[in-house]
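Each structure below is given as structure tokens.
Next come two complexes, and both contain chain A; in the first it sits with chain B, in the second with chain C.
After this line comes the complex of A and B, so read on.
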């Protein structure tokens, strides 16, 4: 890269195009140089391409984000072993968001402006995504975001590789109603945007079926005392507890539920969660959550050749004791989807990649098969697993077809 | 509000909620006792209190692993050994911290706040490096996780009972130590008038170190007990620190009795309101009440007359 560093994005783009035009006008021979696949000054050389990994490896979110980092590194190493992307080896620059949203924004800017990475895999909480979003839009970067989340967002600069809320909720409620005859629901979550939005979608869907929500409740993040709500649940006797409690509260909730004599394996009430992956069960303890149902798109126990290879590779790379949750798998999809899109576009330019996004598919995804929708979310299947004592889920149901992502469900537009 | 429920159901609710309130009360007391000693008696704002608790929780985790692998026959009672070890571990760390850091900062309470906050970050990262960023699952013997069914609706969680008993034992021991032993007399003398205590031959440095270690050790026991009800991760201590300070400050920093009274008030208010309102609203109201009372009584519920 010989061009001087230009920071104003508009100017940069104009110069980029000008350079391209000059090159075309001069009729230079089409050598496979870095400029051909990279007209916007990204950190791409003839044999390497730099990407960014932006997660919390310190602070309170490190618990959750560690798996995503491992998955992204594994995917990058596997892609490199296969010859890289457009013949270029991927080099990653890892930054620590430190569980602090302004730090995420600052590091995102560093990756895009100073390091000129071709793409970024990162973020976990919605708060961190919202913090980096303006940065990605300003500098026209591309973020692959792995977490299942509340929806209500669609940025041209983000690919959402996890489920948005409707994909996680609608099919699972249909399933408990049809298979388990559920009629009454108790909605319980931590008090922030994701559980509240999810429960709003759930309530709407439940009430549309003519069924009843007998309680809806939120506890502050980090709350550790659930005795009162457990008493209320005992009293109202719902058929289903629909739980979206997160973080350390999760452990407290399930331990206290068990201690209060509610045995989830008896399914009276049945517990359906959208927030407990295999990762969380490590902290909760399999014996405390045994019998609960979870609605996710991926479980480590999925029985297909893609997943068997993925689990094997993951354990070889990161150790035998490790468990793989929904978000970890979604993070693994990021580098692979990016590779597929770059190769389809024949370029690392973000604008060119964006044009080819709709329809980019991945047949080797551990969850089976995924495809990018025009709204930048993924078509994928919804699945329900039942927690086992050993901390794994047994898959009891999956939708026949891929579910269409619908980040702006009716009533929210 | 009550119209939907039958009379026996109502009785059960009150019984269950009463128990929930009591068990919250004992948790608060257990959390706050260690801090009440350190903050109340020594004037050190120990922001790392939560991390001392989590050291106790990790000690429990390690002890569980040890018993499971080396002497599975005794697994059913490992928890009591773990609590003892948790006390030792946290007290030793507390002693070290007092010697390295705190003793240079007496009479500078705001500096202790910053220094111990830094310590809490260091400890969190240390736990993360040693035990991994993920939460660890502390397995408990089966008999501890069950419940005693009194009627169809009323079930008493065994872990709640255990926390209550532990709290009672610890509180009694602290009472005996502080108010019925020679050492306790020395501590109270140092709190009330340090130069005079020194003048009559009390080694105030030693008293300080042991007092700090005792406070930390109790935090360790609390951490061990909380593995029954909560999570064990590098940052789990943060979940308790706000409530802990709330209880101590509300009770009146220098009074151990005040700490207990304040724990009782806050826990009962919170668990009662939690039943009628949502969890978040209950917390908001509890905090509002506490703020209101502290505005009228800045010294807290109970205040000792101390020469300054």
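After this line comes the complex of A and C, so read on.
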């Protein structure tokens, strides 16, 4: 917000008359009022509107982001089948972020500046979001970001359709303490900002209850030797292993846990993860992770009509063997939320859409009812599932009410 | 200067090539490309600094470094630290629990600016650091390795290990370095907004100008006695040593020079792209930089620039047109380069276009002067 104030006078001063002329020329389509639903020169015609999809389809992140791409395409196709947005069919331009953060920034610029897309669905890792954020703020684009993440951010140019950290952590710790009588915790994660921030929030919450964290460790991304930490866990006997290990490391971690004789179904210790969705279990193998608890907002096994229709449509479109994880569902919400907001605003203009955001709701979401909060995150329920041998989760708990998103929890401001 | 007729004709030919490149960078691209594409070319050119450095130390000096990303990253981080401090004024960060420090430090409960960040409040210090930090690290590595006569594959492996170590260090110390996200959201340079199209265009010309200056500097080094010792060292290290030259010192020098060039490239990269992250420091980008140099032709300074431009343009072009298949296209390009023209674009040019050129020039009656370049070229083509 403050940034807009900084740029505008600076721009005028430097550009002088030539700039003013160029600005007038650019502004002209808007001034003439040729298109009421689009006064900022976006790629909107009388029957089509262009949007961008920006995920990694190559590189290490491709395996995680593919589900999001599929979900976004499915949502777009479904919206088109229903007549599109404001009577316009959605056309998407897909770009590959290639698991490389500067590439994400480059492609975001291309989508916003060259293609003039009305909105972008994309990004997965926090690093990629951080890389594109200045681009979206500079060109006043709007990004729908699907991944559960560490919070500590609230951009006017992003809608966060996944959970921020407190939505995943607080309820799940309350649950293990209340239902399982947990008193000691061992925090374990991959070494980057999301696990570290998540564990900070978890530690604070645990210690506030007068309970104890008996260990906290981080391993580099891609690490595959967890035997030393497993030995420490056996020595210190925590009630709960709180795990935020990501990516390929998970495969090694759960196999080595099992090999070391820790049977997760016995819940001694109990394993609570915030990073293993159905997608990850495909790689780890259901038999290795059976018995672990995961805190998410969505599981493929959710038992409601919205979700049944979603899973059926997803499998029809992308094949029967496919599994749907938490992030995939959050990505699916993006196009639908955008459609709802555009129709509420009666315009594709980003500024007009932003005004109507607080309160935009989706009753047909597979996870149930969701609503956009003033801080651009979603009100959603927290759920806990227990991993089954077949790679699915059995839902054992869900919060009664929607949890309020709180991207800047007390003490982290 | 001992200017034999052959040398002068060689120089004039190289001058011509240099002018062609200068015209391409300073006239053709700015006229033909829109602001977005020009900014992309500007980004590619920052990699060309590394490639030029690699021509010096690998192509001419025979020192294959698989860790040039380290120096590129250090230069980039120095610039990013300065810009981040400027973006983190107490007013701009008033909502933090400790205003006036970068946002990622605040998230990591760092409450005071670390000592090594302090000097980066000064722009002149930053400019010096952009060159000197990579040079000092290169000096330490160079002295430690070359004085012990570590070379060849062992040296390449060690540079790669250093790239890995630095990446892990940066990611692990996220409270001080921004971790895997890097240092993002950079806004102004001494009050000048670097995010607008106009600023990006200015930065493009700065980059292109500095790159041309660096190419000239590198050419000067190669044209001097030092350059000839480098080539001699690459081909017959022992003979040079037995002739009484201190081989290690020459190696350290050229390695430091390559590091300085990479650092400058990194700093310009940060300015143009608006952030710096550990993904430029690691092993993969370091190897990519060697590929730029190999595609361009590792013996040719100008070839390296074209290599960096071509590979990156291909990367952008393929990935925009075939988002699902572009990596295969890139792979095919690299295989084609290695199999079909191992000396890169420059080698291709020498083999196919130069004879053609000679024929045409010969037809004009100037044939007498051209053959004199042949011996020098042949020497270059020996692996």
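Here is the rule we go by: the second predicted complex is superposed on the first by the 379 of 413 C-alpha atoms of A that agree within 3 Å, B and C clash if a C-alpha of one lies under 4 Å from a C-alpha of the other, contacts with A are read in each partner's own complex, and residues count from 1 in each chain.
The working rule: contacts are C-beta pairs under 8 Å (C-beta built on N, C-alpha and C of every residue); 3 or more make two chains touch, one makes a residue touch a chain.
These figures come from a predicted structure and were not determined experimentally.
Peer 1: With chain A superposed, do chain B and chain C clash or fit?
Peer 2: Superposition result for chain B and chain C: fit.
Peer 1: Scan A:36 for contacts with chain B and chain C and give back first, second, both or neither.
Peer 2: The answer is neither, since A:36 touches no partner chain.
Peer 1: Just checking: does A:109 make contact with chain B only, chain C only, both, or neither of them? Give me first, second, both or neither.
Peer 2: In the superposition, A:109 touches chain C alone.
Peer 1: Of the partners chain B and chain C, which touch A:267 in the superposed model: first, second, both, neither?
Peer 2: In the superposition, A:267 contacts neither chain B nor chain C.
Peer 1: Going by the contact rule set out at the top, does A:191 touch chain B (first), chain C (second), both, or neither?
Peer 2: both
Peer 1: Touching A:57, do we find chain B (first), chain C (second), both, or neither?
Peer 2: Both chain B and chain C are touched by A:57.
Peer 1: A:344 contacts which: chain B (first), chain C (second), both, neither?
Peer 2: A:344 contacts neither chain B nor chain C.
Peer 1: Could you say whether A:220 touches chain B, chain C, both of them, or neither, answering first, second, both or neither?
Peer 2: After superposing on A, A:220 lies in contact with both chain B and chain C.
Peer 1: Now for A:256: first (chain B), second (chain C), both, or neither, which partner does it touch?
Peer 2: first
Peer 1: Just chain B (first), just chain C (second), both, or neither: which does A:91 touch?
Peer 2: In the superposition, A:91 touches no partner, neither chain B nor chain C.
Peer 1: Superposed on chain A, how close does chain B come to chain C by Cα atoms? Whole Å, please.
Peer 2: After superposing on chain A, chain B and chain C come no closer than 5 Å at C-alpha.
Peer 1: What part of chain A is shared between its chain B contacts and its chain C contacts?
Peer 2: In the superposed arrangement, which is not itself an observed complex, chain A uses residues 57-58, 191, 218, 220 for both chain B and chain C.
Peer 1: Which positions of chain A touch chain C when the two form their complex?
Peer 2: Checking each residue of chain A against chain C gives 2-3, 6-7, 10-11, 14-15, 19, 57-58, 94-96, 98, 100-103, 105-107, 109-110, 113-114, 126-127, 130-131, 133-134, 138, 152, 191-193, 196-197, 200, 218, 220-221, 412-413.
Peer 1: Can you name the residues of chain C that touch chain A in the complex?
Peer 2: Within the complex, chain C contacts chain A at residues 35-36, 39-40, 43, 92, 95-97, 104, 106-109, 168, 171-172, 174, 179-182, 184-188, 193, 195-196, 198, 273-275, 277, 279-280, 316, 319-320, 323-324, 326-327.
Peer 1: Which chain A residues qualify as touching chain B in the complex?
Peer 2: Contacts found on chain A: 57-60, 62-63, 66, 191, 217-220, 222-225, 227-229, 231-232, 234-235, 247-252, 255-256, 258-261, 279-288.
Peer 1: Taking the complex as given, what residues does chain B use to touch chain A?
Peer 2: Residues of chain B touching chain A: 5, 9, 12-13, 16-17, 19-20, 23-24, 27, 125, 128, 132-139, 145-147, 149, 153, 155, 157-160, 226, 228-236, 238-240, 270-271, 274-275, 278-280, 282-283.
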